Structures are given as C-alpha cells and as structure tokens.
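Two complexes, one shared chain (chain A), two partners (chain B, chain C).
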Partner chain A sequence: MMATDTGFAARLGPWVAVIAWLFAILLVLMIAVGASLDQAVSGFFNGAFGGRNSAYLMTTIGRSALIIGMALAVLISFRAGLYNIGGEGQLVVGGIVAALVGIYLPGPGPMVLAVGILAAMAAASLWAVLAGALQVYLGVPLLIGSLLLNYPARYISSYLVGHPFRDVAAGLPQTHMVPQGAWIPNFPGTRLDMGIILVLLAAVFTIVYAYRTVPGYRTRMNGLAPDFARASGLPVKRLVFQTLAMSGAIAGLVGAIAVFGVHYRFSDGMLVQPLYAWTGIIAVLMVGMVPWAVPLSGFFFAAVQTGAAGMERTAGIPKEIGLIMQAAIILFVASRLAVVNLAGSARGEGNDDRA
Partner chain B sequence: MSGWIALSNITVRFGALTAVDAVSLDVDKGEIHAVVGENGAGKSTIMNVLFGLLVPDEGTIAIGGTPHAWKTPQDAIAHGIGMVHQHFMLQDSMTVLENVVLCAEPVNRLGIVDFATARAKLEDIIATYGIRSRLDARVADLSVSERQVVEILKVLYREAEVLILDEPTAVLTPQETRSLFEILANFKAAGKAIVIITHKLDEVMEVADTVSVMRGGRLVSSGPREATSKDEIARGIIGGDLPAPRARGPYAPGAPVLKVTDLVARGEGRPVGPVSLEVRKGEIVGVAAVAGNGQAELIETIVGLRRSAGGTVSLDGQDLAGKDVAARRALGLSYIPTDRQRVGLALEARVSENALIGREMESRFRRGLFQIGSQIDAFAREVIARYRIKVAGPRAKTSSMSGGNKQKLVVGRELSRETPLVIAENPTWGVDIGAIDFIHGELVRMRDAGHAILLVSTEIDEILALSDRIVVMFEGRITGSFAASDADRFEIGALMTSHGSGGIQTRDAS
Partner chain C sequence: MIALDVLLDPALLQSIPRFLTPILLAALGGALCERAGVFNIGLEGFILTGAFCAVLGAFFFGSPVMGAISAMAGGVLMALIFAEFHLRRPGDPIVVSIAINLLAAGLTLYLLSAIFGVTGAFRDPGIQGFAMIHIPVVRDIPVIGQLFSGQSPLYYIALVVAVAMHFFFRFHRLGLRMRAAGENPQGLVVGGVDPRIVRLYALVACGMLCGLAGAQLSIANVTLFVDNMSAGRGWIAVVAVLLTRGNPLAVLGIALVFGFVDSLSFRVQGYGAPQQFTDMMPYLATLAVLIGLSFWRKTRQTRA
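Moving on, here comes the complex of A and B:
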C-alpha cells in the first residue's frame, strides 16, 4: 500500500511542475506579443470548452477522438516494445483509401461506410506491417523504417489527390466528397460526429486485448523483456507483425473517421498538418503508457490545440503559441522519461539484495 | 570501544519492509572485514548506506570519531570511501586509463585532461600494491577479473581509505580469486580498511580478520575470525543447523538424451567450437568454464537462440536442425538461463505472468483467446508453494523479490515442466545459501528421477558438488573431461584458464 501511495505522489509531482512551467512560459510569450492576460485566458477556455451550444467543446471532443485514436495505435505498439512512430503514414494511407472507397464504391451509404472503414484499416495495417518486415527481414530498425515510411505515404497521397483523383472544380488538391449517405452521423443536435464511439470501442478493445487475452499477454511480455520472450519460445516475429497490424489498423480507423465523419473528403495535408499522429505519441508518453489514462491525456492535448485557436480568435495571439506550448510539453516529457529511466536502472542494480 | 568507522544503530526501511534494523558495525584500518548473510539479509543495503547510495532512516555514520551524514556517494568518496559493485560500471569502448579517471580527471589550466599526471599517479598505485593492469587496453577487450581490477583502480585513484567490495569473487576462478586476495592483503598492509560482502565461507575463513553475520536485517554476530568457525558462521547465516549432506541415488546413466556433435556456434567475432558432448538419462554433466569461454554461445545454440555454423544437436534422437526455441522446448527441453534479470524473467511483470510463460496456450489457462486469471493465479500459487518462494502472492511484481526467490521462480517454472533435458546455466549465481541448497537439491532430484541435466557453471564448487561427469571449456573448445570421482579442483581450475599441458585431458571412467 505504502509503495503505491508514494508512487502516486511521485507521479503527481512532475505534473504540477509541468503545468506551472507551462503557465510561466505562456505568460512570457503573451507579454512578448503584447496580449492581455484575461482576454487570452478567457479566449483559451472558451475556445477549448465553450462556444454557442458548446460548439467549441464539440470541436475539442471531435479532435480528441482522432488524437486518442492515434494514441491507442501508439500505445498498442509501444507497450509491445515496438517503437512504431509511423502513425502519420498509416493514418494518411487509411484516409486516402477511405476517401477513394467512399467516392468510387457504389451501393447503399452504410455499406460504403463499413467497407470504407475496413479497407482503410486493412491498408494502414499493411503499411505498418511493411515497416515490421523491413525490421525483421532487412534489419532496418522499426524506429527508422516506420518514420521513413511516413514520407512515401504523404507524397503518394499528395500525388493522388493532386492528379488522378482531384476534384478539379474545387481548385485545391483534394478529392470529391463522399456521398452524404456514407457520412458518419452527428450526435443529434450537435456538430459532433459519432466517430468517437468507434474510437472508444477501439480503446476498450485495446485494453481488453492488452490485459485479458493470450496474444496480449505475449505481446506485453515481449515488450517488457524481449530476451525473456525469445528464450521462453514466444513467436516473437509473429508478435511483431500481429502488433503492428493492429496498431496500423487503428491508425487506419482514425483516418477513415476523419474522412467519413469530419472532412467528408481527403484533402492534401489534412491529416498531417494537425499533427494528430505526433500528438498521439506525446499523449501516450505523457502518461507513461498507462492505458486508462490515455483518453484523458488525448483530451488534454486536443484542448490545448483548440484553446490556442480560441486565443487567436479573441485575443489575437498567434495559435502557434499553442504549438510552442506543445513543444514545451514534449521537452518536459522527454526530460521526465530520462529521469525515470535513470531511476529505473539505478533501482535495478540494488534489486537483488532486497527481501 | 568503537572502530575507526562506526556505523551506529542504522535502520533502513523500504516502505513496510525494514531492510536493516538497528545495526551497529565497526570497521578498523588495516583489517579485512567480511560481511556475510543470505540475499535479503541487508548486507548490501548497509554498505550502500556507508557509501552514500542510501540515506538511513535512523542511525549515524562516524569516521575517526567525526559524525557524517552523506547525501550522495560523492560525499562518501570525498571522505575516502570507495565501493566496487557486483555489476561493473565501466565504459567498454574506453581504455582502462580513461575509465579510471572518468569524472575525476586532472585538468591543466586550459581545461584539458592531463593524462600524463593521471598515468603517473596510477602507475604509482599499481607499483605500490602489486596490481597488474594494462592502462591502454580497451575495457571491451578485458576479462572479467581484469575489469574488476579496473574498478578497484578507480577506487584507489580517488584515494579511498575504505574499500567495499560486493561479491568480488562471484565471477572469478580460484586462481584469479587468489590474486585478488594478494592485492587485498597489500591494501591491508598499507593500513586501508577493506569490507567484502560475500556468500563464500571458505574465502571468509581464508582472508577475513573480522566476520559480521547478518540475517533478516539484523546483525547476528560480529567478531574476530579466530573466535568463530565456519559451522558457526553458517548457522548464523541460516538461523539454524546446516542441512544434512545431500543424498543422491546411485549413478546409473541411461540412454543419451542430448547429443551434440561437432557443434560450431556463431560467436561474437570468432566462432565457438567444434564441441561434442552427450548427456544421458539420470546424469548431471557439468561444464566448467570461466565466463566468456564459449559456454554461453554453446548453450544458446542448443536452446535455439543462436544459429549454428555446423555440426548437429539431437534431443531424444530427433535432429534439432531448423527448429526454433518453441519447437525445441516442446520436444523436451527446459532452460534456466544465467541472466535471470533479463532472460529468465520479466521483472516488471507479475509473478504469475512469469510463472505462466510457455504454458499460456495450455487449455486450462484459457478460454478461446481469453486468459483465465484464476487458473493462472492458482498455478502460480502451486509453483510458489512447491518451490518455497517467498513473495506476497501471484500478483506481486517480480522485481519485488530477492535474487534467491527470483531464481527459485525460474527454476520452479522450468523444472516443473518435467522435460527429459534440463539445461541449467549458473543456476545459483548470486543467490543465498538457503536457495543454493534448495536449487541443488531440486537438480539432484531431477537427475534421480531420470532426467538428463546439463549444468554450466563458473563455480567449480558447484560443478564438483553436482556433476556425475565434468567437461572443461576454454576459449571455445573442450579442454578436459573427467568422471566426477577423478576430478581435482586445481586441475580443473588450470584447464579453465589454459589449454592444459597439450591435447585434451580425458579421464572419463565410462
């Protein structure tokens, strides 16, 4: 009992420090751009949680659905010790496939939606498995392979929406719209699409998979101690592919939700610019890969982003300040992780002689 | 009268656990002070207090009558205390000289490291204490005992008056141990205080001037070695009488279980082998070798963790070529690896999760793809009870256990599979006397029940105590092979460190 209590306090401490620092940084930045403090603060909170009929809150929730989805994709692979940071590429592959299926597959709307989501998941899954194959068969570390595969995904999608599948009349590099029948419906009376339900289902699936199933157990052991998993005869190669396939599938699902629920089409950069994938990684690292906390941190980061947009609207503070804050958070997370790692290895040394 | 260093009423608590309970200990200049006890007895913990790694909850440290309160090891180092840990902390890619001066570099006025001064100082130290070390060799190229010397040099370079050594001989051959003791004797003659934390009572009797016995966080006894005996110390350590010598069944080996023929293992750099050996039903074959002589590669190749570069391995007549670890284990092989912290266990996982590994697909533990937690816990409880593992329960974190109990968990998990072949690699490395005795008993019980056991150990005593046949490896080859009855520890020690007097020494009775 004692140990968990001190553990909790120890976990809380850095958070308080992080938030204090963030406010300090924010203050300095606002003074630098000459904005008034209370305007900025009210703009931030209104932008994140307010709006007429809570419209901005719905935007925040909608955005957090995508961030949480990407965070789940990260979580499932990171917990297995697989540093798949190619979420962005997998997301884009899922998005473009979802849009093309949505536009070109004939049939009733719900069927198109269902096929579009499944196709997006399958395609993104393959993209992730490709990074795994590079590691297993060619020795390209996953961290590098998955990162580099982001670029072809991004540029191939740019080409596809810029040329063969372009909605020429729109003038922008984007596809036509998917038919309205295939849209993910909004919650009645709101502007929030029901995609978040799919994300929550994915979250439940991820948690049940991680803690209750045999492959989840194997994956977890492989993540905690790869040498142990190998020496115990676990099918480690298969686990790599299996885990990456699931991670990619979730990223593909997020891409499909963005297409069918938010934008109704694929436009160049729409999944890259908002940094969903990277924010998802940070959201996972921020809470030390604890699954139940991931939705909370995903929501937190969505609020930082929409709040920053609100500050820009009301107080004229550039929303890049939101990005700067996010970058500051990354730095704090990085330093905290370093401290945790050091503490962990120091503890490991003394371990053997304690009762 | 209190000593030069006086630890008074030291108490250290980790949460609800009291690791060291009001222990007072004196260490004097010019003595070798052995601190003995089981793992978890608190001996490393109290030395970590003296070295500043842990701040005691109660109690004081005084040196020469002046009380001190360390906040960090740097404080302790500044007051002449040095410690050589069980796990070395060296930079492999740097030279001995660079490692020794690291973080204590002499710099000239321009802020450039003055290696010449450092070298002169070190050469002086080396000459004074009769140490042998190659200052310009890269640490990666050094043997384990040479690395230990580097650690000792680090401490001496920082002008330590007190040298604490945690299990210094655990990784050394008898010959290397002897030369370490010669160095320690020189330190003693120079008036330094030496503390060794150890399990090995023979060594205590050989070198210690003072012996302190700890058990369960308390000091059981402390006094001059002459006033005590090996038996008395052992009784103090385990808190009761010694177990009777192990009874073992007659040696009646059956059909061969493991057959290794001209096996060549891929090594780091040079290959290991070719090696041939055979383990039959109902016998323990001990492979004696100093760490790093190819035995690890050999075992990994047999287990399927490393690809072979030639030769064959067969298990119960089945060729293992092309089979992965899982297939080999399914055919009847269990493996107790040296490195329980990394290979034997997932420390951050639960005890039950570690007990389960390899059995997770058995139908009693799952319903479809879903695990049945109650069955898994029940199985873990069985292993805990049967192998007398001290732990809060199946859901406790594995890292919360002591080294001996961790090892019992690995041993229990593997032996309870009851496979025809058991490979045990340093099965008692760094565990306490009680656990050693238990694990040895279990291995002998398996042998008597007709299992084939391949034991690999760097401890000659362990090899001699358990083996029916003994094989010695040096530099990737088998340099000797004996029936246990013919074995001589010094001859084995010599073969472990050289190619012998020419040709392979064979005195196999069978």
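Moving on, here comes the complex of A and C:
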C-alpha cells in the first residue's frame, strides 16, 4: 500500500505534515489549560532528560527498560502472527509472584532474587500459555482471550494485596517490602537499577532466537506465511505454545524487575496504571515490528511519558498530555506505514478448522 | 446451585438492565461496524469518551438529555477519528483501535483536570442524571415489572434499537448496503456505491450508540465520572459482536446473559464475597460463553 516514491522531498513531505499536525495538537492542548510554551518545553526536556544528577533521565531510562521489555514480549508473539495483547495480565502475574517469593522465601538475598525472577517468568509464561490453550483447544481467538485474561489477573492480584498479603500498617493495598538483600542493585552513584541489563539480555536472546535458531525461523515462517508453515508440516500448535511461553516469560521478567528493582513491593495497580503493556504494544507497532528499532521507540515513548510528568510539574499541564501524544503519534505514523496487517490475520484465528 | 428465589429476587431482576444497557448499546454499535466490514475493537474508547461527554453536557446544560446528546457527539468525534485513519488512510483497524482507546483514556483525564480541575473523579450535585421511568400497570406485574419498569430511558432506547436494527439489516437500503460493504464490497463498487462511505455511516452510528452506552454509565447508573469508567465493557461488547457476527437480536440475547451475570455477581457481593471476585465475574463469564459457543459450533459442524 506504500505510495511510489519519486524522491527525497516527496518522501519527506508527509512526515513534515505529520510533525506539524502533532505540534498543532500539542499547542491546542496547552492553550486549553493556559500554559506558557517555554515553560512547557523546558518542563518537558527537564522531565525527560534533566533533573539533579540527571535523576529524571535515570527515571526515563528505568521506565524505558520496562517498556522495552514489554515491547520484546509483544514483538516475539506478533512476529509469529500471534496477537497476544494480554501482556498486562502476564506482567501483573509476574509482578505479584515476584513480590510474594521475595517476601516469603527465606534465604540469602541473591538467591531469593534469582528464584523470584524465575518464578515470575514461569508464572507469567503459564498465564500466556493459558491464552494459547484457549485458542488452540477451545476456539477462543487469542486477540480476545489474551485480553480478557488481563482482568482476572488484575483483580486476583488486587485481592491478594488487599486482603491476605496486605501490609496492613501501610494503609494502602500493597504488600510488605522485599528484604533489601534481594533488591536489584543500582548502578554505582546513580538511582538507576540494573534491571535494564536483564532487559538487554532478553533483547539479545530474542533477536538471536528469531534469526539464528531453527525454532525461531519456524516461528517467523508461521507468522509470515501460516498456510505454508502448516503445509510444510511444522508443529504449529507447539510453536504457538513455545512462542507464547517465551512472550509471557519476558513479561514476567519485566514484572520482577519492577518489583525487585523499582518499587521493592507490589502495590495494587502499580503495573496497570502506567500502561506499560499498551505502551510496549505501540512501541512495536510504531516501528513496524523491526526488532533493532524497538529499543529506540521504547525509549522515545518513555521520554514522552516522563517529559509529560515534567510538564505537569513546571507548567501545570496535566500529564495525560503524554498519553494523548502517544495516541496521536501512533495514529499518524501507523496510518502512513501500513506495514502491519493485524486485522486480517486476527479475524481468521478463531476458526475451529484452523486451530 | 443458586436457589431459584435468589434468581427471581426482585432486586436482582431490577438491576439487570443497569448492567445490560451499556453492553447492549455498545455491542449494537459494534454490530453495525462488523456488518459493514470495519473491524472496530475501539469500542472501549468510544464508551469512555461518551461517559465523559455525558457528564460534561449534563453538568453545563443541566439536563440529562443534553448529556446524552453530547455523549453521542463525543462518540461520533472518536468515530470520525477512526474513519480518518482507517478509511481515508490505510491504517490497520487494530492499531487504530488501540490508539483510540489510549486517546480516550488520556483525553478524558486531561479534560477532567483542564475543565473541572480535579484528578481521577468528578462528582457534583450539578450533574443532572436521568430519572427512571415507571410504567403504570406494567410495574405491578411480577418479574416483567422489575425488568421493564423503573429503568433508565436509555434502556428502552437500546431495546428498540436492537429490534429496529434487525429490520434495518433486512429491509432498509442502507442496511443492505452495509451488509454488502462487509460481505462483498466489490459488488457495491459495481453498483456505483463507495463502500467507504457506507462504512463511515456505520462508524458514525456506532459512535452515537457507544456514546449512549457511556451516558448510561455516567448519568443513569450513577451521576459522576471516574478514571477508566468503561472498565472493560467495550471489550465485552466486542466479544458479543464477534460471537454473534453482528446479528442484533443475538446481540440482545448475549447482552442479557452478561447483564444477568453482572447483576448476579453484584448481588453475591452483598453476601460477603470480596469485591475483586465479583469484578472479575463478567470476564470469566465472557470466556465461558466463548468456550461454550465454540463447542456448540464444533458439534454442529461435525453433525452436518
């Protein structure tokens, strides 16, 4: 569907229009709350990249680690043609399991951390596989099944931290703190936790798996040409479960990083409200599922969010402006790229004869 | 098993329409899109926008009718954005839907602080909600009376729209064209009709219906707006549409099931179950219905 390009100027033109549109929307929103432009701009850059000792920059990097992690989980399943949009549920399951293991497992800190991360990955993995089983055995399309499973995950975790595992003294629905020995350490001299290293490892693993291994090759084939994959006798069902298990495991890893590296506990809604999972999805969609570009778009969206928080602090602009900008960017960019065709493949998924 | 007297509990029956109406209205809007060949899973965002605009209209004009009208306008605005990026430009409908849902979440909260200066929720005695309609005679009939009297006007509108849409798809020219746009768009082109225009009509009507669904949430069930008020109902409506393939009467049936489960879980909460479990019920019920229907289709296929 891409237009035939004649030259550099012709290719650049539409993008200038997109940027002009985005700025126009921003301006209207700012005028609506009577904010001044220079305060807003300086607030944005300070919030995203500034702060004392670059504290806000560290927040942006820390947040982008979580978003990139969720984006990887999305990437691995979307590229296989599996529209797992239930990353949020998988993230929450990982987070709550990580917190409970961290609090109640006795032993030396590093061991608790390691077991907590692995348990979170396993639990989130199972949650994703459950959505796959719904599709393969029970004919519930993954797009819908994975999404519907977000809500039980959200409410079960909310119940667990609200009743049996609540830190009653704290007053809020949240667990006790994970012992300090099990925390993911910060980089020396900064407030940035080393969780980003785990995310980078996951990223390397994802790319190597997709391009250098046989299952990865088969998975990509299944995504690009499902009929061909089936006709050539690939174990399609097994690929579905393998892919979803990996996708879920990465989401679980992100949940564990958020617990052991950022919040040190699980509080109700802490993984849902920042919309990590949805931001991960749009970070993947914006770059048309190209793996190497995902960290860049993940960082970009993290900066939009922390920058928006900065605008709220200095210019009094509600921070939801970040959400609006993300949506606008996706609308303008996705409609230009038109490289993904989710709907076409998502529709056929529920058919009993294919599953 | 749940005893029969619990099922026929007047308070339970009375509350079914409250839960049913938003899902029914939104799913009917989704049915229009489905039939016209627009894969719209942005109903959640449409509803949320509607809920916010309803409060806006009901507060500033002091009338629930104006609230409903501005809710429809809000829904239509979202529908037009959807149309711009999916019909006029080649945006993938799932991507556009996800963006619409994020946009609605952001915009409602942004405007909540920009207009009312509050974060998270807005409640004010100035918001004029709908009065419930009590129908003489009917209200004294057991069961029927609880189901059909003492309800919000939007409930009656939803029922009428469901039936009307059934005939619209059968007999009305535009309805037939919508089905053609979904099933055989090339045929429409041959007939000199642009399917995209037909789809635009479907989207706009969907925006109105989802707007009303939002109004039912924010100015009929209660009179306030809270963050993420739609709380997944748009997704349940999407499921209802996919299950019924956009058949309005079947949508009505499914909405009835969901409305019943919702109000049942609301009642169970009264017996001391934790709120989170009752909140979770609609989604589990939706999954159960999905699974059940797929089994039913499978057995029917093997028999045939």
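Here is the rule we go by: the second predicted complex is superposed on the first by the 313 of 355 C-alpha atoms of A that agree within 3 Å, B and C clash if a C-alpha of one lies under 4 Å from a C-alpha of the other, contacts with A are read in each partner's own complex, and residues count from 1 in each chain.
Note that contacts are C-beta pairs under 8 Å (C-beta built on N, C-alpha and C of every residue); 3 or more make two chains touch, one makes a residue touch a chain.
For clarity, every value in this text was computed on a predicted model and none was experimentally measured.
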item	value
Touching partner for A:R52 - first (chain B), second (chain C), both, neither	neither
Partner chain in contact with A:H163 - chain B first, chain C second, else both or neither	second
Chain B versus chain C as contact partner of A:P215, first or second or both or neither	first
Partner, of chain C and chain B, that touches more residues belonging to chain A	C
Chain B versus chain C as contact partner of A:L285, first or second or both or neither	second
Contacts of A:S232 with chain B and chain C, given as first, second, both or neither	first
Chain B and chain C footprints on chain A, overlapping residues	1, 347, 350, 352
Chain A-touching residues of chain B, taken from the complex the two chains share	14-17, 19, 39-40, 42-45, 48, 53, 85-87, 216-217, 303, 305, 324-330, 335, 337, 339, 341-349, 353, 356-358, 360-361, 366, 369-371, 390, 399-400, 402-403, 406, 430
Contact footprint of chain A on chain C as seen in their complex	39, 41, 81, 85-86, 89-96, 98-103, 105-107, 109-110, 112-114, 119, 232, 235, 238-239, 242, 274, 276-277, 279-280, 282-284, 286-287, 290-291, 294-295, 297-298, 301
Chain A residues within the chain C interface of the complex	1, 29, 32-33, 83, 85, 134, 138-141, 143-145, 147-149, 151-152, 155-156, 158-159, 162-163, 275, 278, 281-282, 285, 318, 320-324, 326-328, 330-332, 334-336, 338, 340-343, 346-347, 350, 352
Parts of chain A lying in touch with chain B, wherever the complex brings them together	1-3, 6, 212-215, 217-218, 220-221, 224-225, 227-235, 347-355
